[in-house]
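Below: one structure, written as structure tokens.
Labels run A, B, C and D following the written order; every chain starts at residue 1.
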Amino acid sequence: MIREVESIIIQTICRILIPFIQLFGLYVIAHGHGSPGGGFQGGCILAASFVLIVVAFGLQEAKRRFSEKLVNLFSSIGVFIYAWTGWMALLLGANFLDYGRLSKILPADPVHARYYGVFAVEVGVGITVMAIMVSLFIDLVTGGEHEEAPE
Amino acid sequence: MIAEQFPALIIVFPLITALLINVVGWWWIRPCFYMSILALAVSFISSIGILNTVVTQGIIHYKLGGWDPPWGIEYVVDHLNAFILVIVSFIGLLICIYSKKGIEQEMPKKIPQFYSIYTLLVMGLLGMTVTGDAFNLYVLLEIASLASYALIAMGEDRAPLASFNYLIMGTIGACFYLLGVGYLYIVTGSLNMADLSELLPKLYHSKAVLVAFAFFLIGIGIKMAFFPLHVWLPDAYTHAPSSVSAFVAGTMTKVVAYVLMRVMFTIFRPYFSIELIPATTVLGWTAVAAMMYGCVLAIAQHDLKRMLSYILIAEVGYIVLGISMANRMGLTGAILHIMNDALMMACLFSVAGAIMFKIGNRDITNFRNQQLNKKMPFTMAAFTITALSVIGIPPTCGFFSKWYLVIGAIDAQQWVFAVALILSSLLSAIVFFKVIEKIYFKPREPVHPDSGGTHEDVVMDEAPISMLIPIYIMVGGILILGILSGKIISTVIQFAVPASF
Amino acid sequence: MDVVYSIKPLLAIMVSLVAACLILLTGERSKNLRESWTILASVIKFIIVVSMVPSVLDGNVLEYTIISLAPGLFLQFRVDAFGLLFGILASTLWIATSFYSIGYMRGLKEHAQTRYFFCFAIAISATLGIAFSANLLTLFVFYEMLTLATYPLVAHKETPEAIKGGRKYLTYTLTAGVVILLSMAIIYRLTGTLDFKPGGFVAGSASADMLRFLFVTLVMSFGVKAAIMPLHEWLPTAMVAPTPVSALLHAVAVVKAGVFGVLRVILYVFGPAFLHDTGLWILLAYLVSFTIIVSCFFALAQDNIKRRLAFSTINNLSIVILGAALLSADAIKGGMLHIAFHGFMKITLFFVAGAIYVKTHKQNVSELDGLGRQMPLTMGSFAIGAMGVCGIPPTCGFISKWYLCLGSLAAHEIIFLFVFLASALLDAAFFFPIVYRAFFKKTKEDINPGFNEAPLFMVTPLMATAFFSLVLGIFPNAFVHFIEIAALAVQNIMGG
Amino acid sequence: MIEYIIAKYNYWAYIVLMMIGFYAMIGKGNLIKKLLGMNVFQWAIILFYVSTSVKKGGATIPIIQNGHGPVTHAVDVAQYLNPLPHVLMLTAIVVGVSTTGVALSLAIMIYRKYKTLEEDEILQSEEYEALKPEE
């Protein structure tokens, strides 16, 4: 559905901007548990950078860089990070998501273990949100044919 | 030790498996089905464990992340939701087994997606049941709903449109629920159900609380297809893939009915919902209308699944009627009916799916020409037994819930309700005997009218065994659980009814 | 009354259920195996039922509880004298019908025979369940089971007419079923129990108006199966069923289950004292008297043999209820005996109708001229059955009617004596023309058809039942002590 | 009366928005317009939630000062906004986004099948008729 328009201005600006956008996204994710921001917001910013790639370089180029399978994998990996952090606590004998217990395996006291646990969750959420936003966008622009078309 | 973690396990395991299926499915389709089975089996075992714990040791409080309520999210399992958990996970597991062949036939390309979303749907419903936090319930409600929109859209040609309408209606419902939660949060500052229950009584005369209650009722009413907010249901359930409609019809409306009970009797005290405002009266009369409407419209249908959908609307009416009687017997009947109806509806829709699978058509008028009684005798026997249960013929389980409902109506001195119950039971008798007659007794139209040729002998061509086994487990449940209902009530349900009744 | 815990009632009911399953499993493969299951089960069932007689005659009550359904509510069997009477009747006649069915179904090469035998076995189980129920709920469970098991039998022929008959049957009985359910639920809430008690248990639990209302709804809804007059319409229509079905179910099991239910309601739920105090008995008595007389006139107008028999059945069912409504010991005893004796006689008549149909495909009274010469055994049995129904000694019909007449005198209501007598006369008026035609009228064609009887499988049972009608008339206490059992039941009710 | 309306202007705004969305969902025939209505409806509720946590007078984000120090002391309640509605709405936004995503993909499926997104045209289309089970 997307017509490919080769525009040197847009492409160049995107080339310059995208790394910064991504860096900012990572910043928001990484500081989410201590200041405004977090996985959702950071994930969205990250996703925006990939959307920019699609817009500027066209779908084919974008697909070459991140295939549907990869996006899908990332969306699951994010949730796995989230869920496994919770499971770790569960396996260590505490309730689900009780990161304080991670102090048993991390070189930190429960307060800091909770801190790291939340950080891991934020990272997971960020990855998932990014992947899901990208796949939503790609699915919508291709009308869902993307997944069915042979790679 | 692991028993303490069941409330988390029951949700987390299917959640992780759903995602795992999604990933694995890209490379390897075969194990998706078994992974889904495994996850749901774990959920089922956990739910049994939870029920056992609740019955022996009392209510379970599970603090997610170790945060104390009301700040953290808390999972609370008492007799009522332990009971619902078992039903939902049991039906989820059975329908998952049932779905194997049907899905292979209906959507061979989407098997991993199907099982992934299906597992997610079961997880959403289980989460709604297990949670003790009003907002968490909204999130899980939407997870379940989104999964069901997607699953329904996988159905026949018209399914996307039906699913779209369902989505619009469902979102309105969820938004109203969310608004209700918002109003309660404004006045109390809490989202925990138990906490709300403590805080609200002082505010019962606040208009905001009243509005919140009304929003809750509307939102829940839409989600459980309670007449007159049911319009999305017949289309959506008719065009959904067979196994999806079997599961969704069996459990979704029931879980939302459970949420209604929670809202009316846990978040708000019975004193509020029954004595302070005429909610039960309004609900009761609407439920009567729902029963009549559902049954009458079911008579007019010639599409089997659409007919069952209207029956489902009537069945929701039964449950709400039981709740609105606001006495011990009525509520016992309603809770018992949640179980029975989950079994009956799942079984009936499964049978419809099996017919679709073999015949490719579910037009009731066509049944006799298809010689269904000869071709699929076991499936048809299952249909007949379940139909009798819906009508309320003893000793099937449908009779016993109806019995308690009628007694509840008598206790409430609501003679119209009692008469409506038996009247709708007669109407559903018309609905189902119309079909049974067509299956077994209607003279066939001649196959070759010109030659007047004889009918060729029909060979038995039953649905695959992976469909029949779940169907027959459900039929067994229908037959046995009725007889055991006394036991079920004395061990579980009598504690699930609020003590003030 | 001593209560004896015994598994026999459950066994008696389970025998035919198990047989039903076996029939379903082996039916399509081997006809002989299928039918031997039926016969085997019927014999075993009979033995079990009869083995309970001595214990009951000793004044015991056999009880078996399956499971508790709710506080004060059990799925429970209790064999008392009245229930046993009905149980014996049903199980005895099932043996005869089993043999007869084989002859009939094979003679006509009917379709769907497996379904037929399956439903038949279920229906018999349900009938015994009704007979042995300890409370109204258990009775209702089996009552509905009976309704459903009979429906496929009524619609068996799968012609539009049969389907219509089936529909009508279901409409009447299911509607009645839900009314019973409602009344039962109200009684349960009023009294907290549904257990039958000789002499009734509801009296005084609510206002008299409420109880009157409940009595009317319960009697009328059980009265649907008992074919009390405004509600009788399904019975003649249901005669489209194969004759063994009409014979056992529409002359014995189903309709008698209705009558049995009415009697249970009158005598064991509400109790004679209550009926007497409220004056309801006279109302009921007039209602059924109306049925008794009017059904005779309907019968006179019928040409189809089975329809004529159906109206005669309606007549006799109301006679039984009238007996109970009169509330005197003799009348109740006569009513109970009439349940049993009428069963023997009426089943003979239906068997004959079926035998005639299988042999000659004749269904109407006007076609029977000279048939007595062709089928003397069959028509002879018919004559005995007809005499019995009219109450002519030495058939057993005389005995039950004798007690009924005594009872109406004891109740000081002479008018009902005339009702009994008038109905006997009218019975004669519509039965004896058949006998006359068969034996004394010449066929229109001059050919004298030689001796040409129906198959042995059919003639034997019908002669056996006719024989029993005679024997029970001469030795009413033979074999299973019908009179003693009935007397015991009455004694319990009146004494209790 | 006027003061009453003005004092609660955020509620009125959300009610107006919600009704606009509601009208679009129920009254409009175009599926995308319905979808837009749905979004307006959802955002109205989000606005409502967020507006309830507003505090005037320089209230700020609820970050505990000196949180890592030996004495953890929270700031004055009047000094910070209630964070919970925002957090809840974050979740609600995510739910809303996924709902929209599903709805859009459904709309695409419908468009591919009927070549239109007008509801009445879809209902009239011959395909719809053909799909009806035979009488």
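Simple rule for what comes next: contacts are C-beta pairs under 8 Å (C-beta built on N, C-alpha and C of every residue); 3 or more make two chains touch, one makes a residue touch a chain.
Note that the structure is a prediction, hence the values are computed from the model and not measured.
Note on interfaces B-C and A-D: more C-beta pairs are in contact across B-C.
Comparing chain C-alpha centroids with the centroid of the full set of protein C-alpha atoms picks out B as the closest. As a whole-number value, the distance joining the C-alpha centres of chain C and chain D reads 69 Å. If each chain is reduced to the centroid of its CA atoms, chain B and chain C end up 43 Å from each other. Between chain A and chain D the centroid-to-centroid distance comes to 23 Å (mean Cα coordinates, whole Å). Centre to centre, using the average C-alpha position, chain A and chain B are separated by 36 Å.
Shown for chain C are the residues in touch with two or more other chains, of which there are none. The residues of chain B never reach two or more other chains; the list is empty.
Residue positions of chain D touching 2 or more other chains: 98, 109. The complete set of chain-chain contacts reads A-B, A-D, B-C, B-D. Per the touch definition, chain B reaches chain D in the complex via residues 135, 138-139, 142, 146, 149-150, 153, 157-158, 160-161, 163-164, 167-168, 171-172, 174-175, 178-179, 182, 185-186, 191, 302-303, 363.
Within the complex formed with chain B, the chain A residues making contact are 69, 72-73, 75-76, 79-80, 83, 86-87, 89-90, 93-101, 148. Residue ranges of chain D in contact with chain B, taken from their complex: 22, 25, 31, 34-35, 38, 41-42, 45, 48-49, 52, 84-85, 88, 91-92, 95, 98-99, 102-103, 106-107, 109-110, 113, 122, 127-128, 131, 133-135.
Chain contact summary for the complex, chain C toward chain B: residues 66-70, 73, 75, 140-141, 144-145, 148, 152, 155, 158-160, 162-163, 166-167, 170, 174-175, 177-179, 181-182, 185-186, 188-189. Here chain A touches chain D in the complex through residues 34-36, 38, 40, 129, 132, 136, 139-140, 143-144, going by the rule given at the top.
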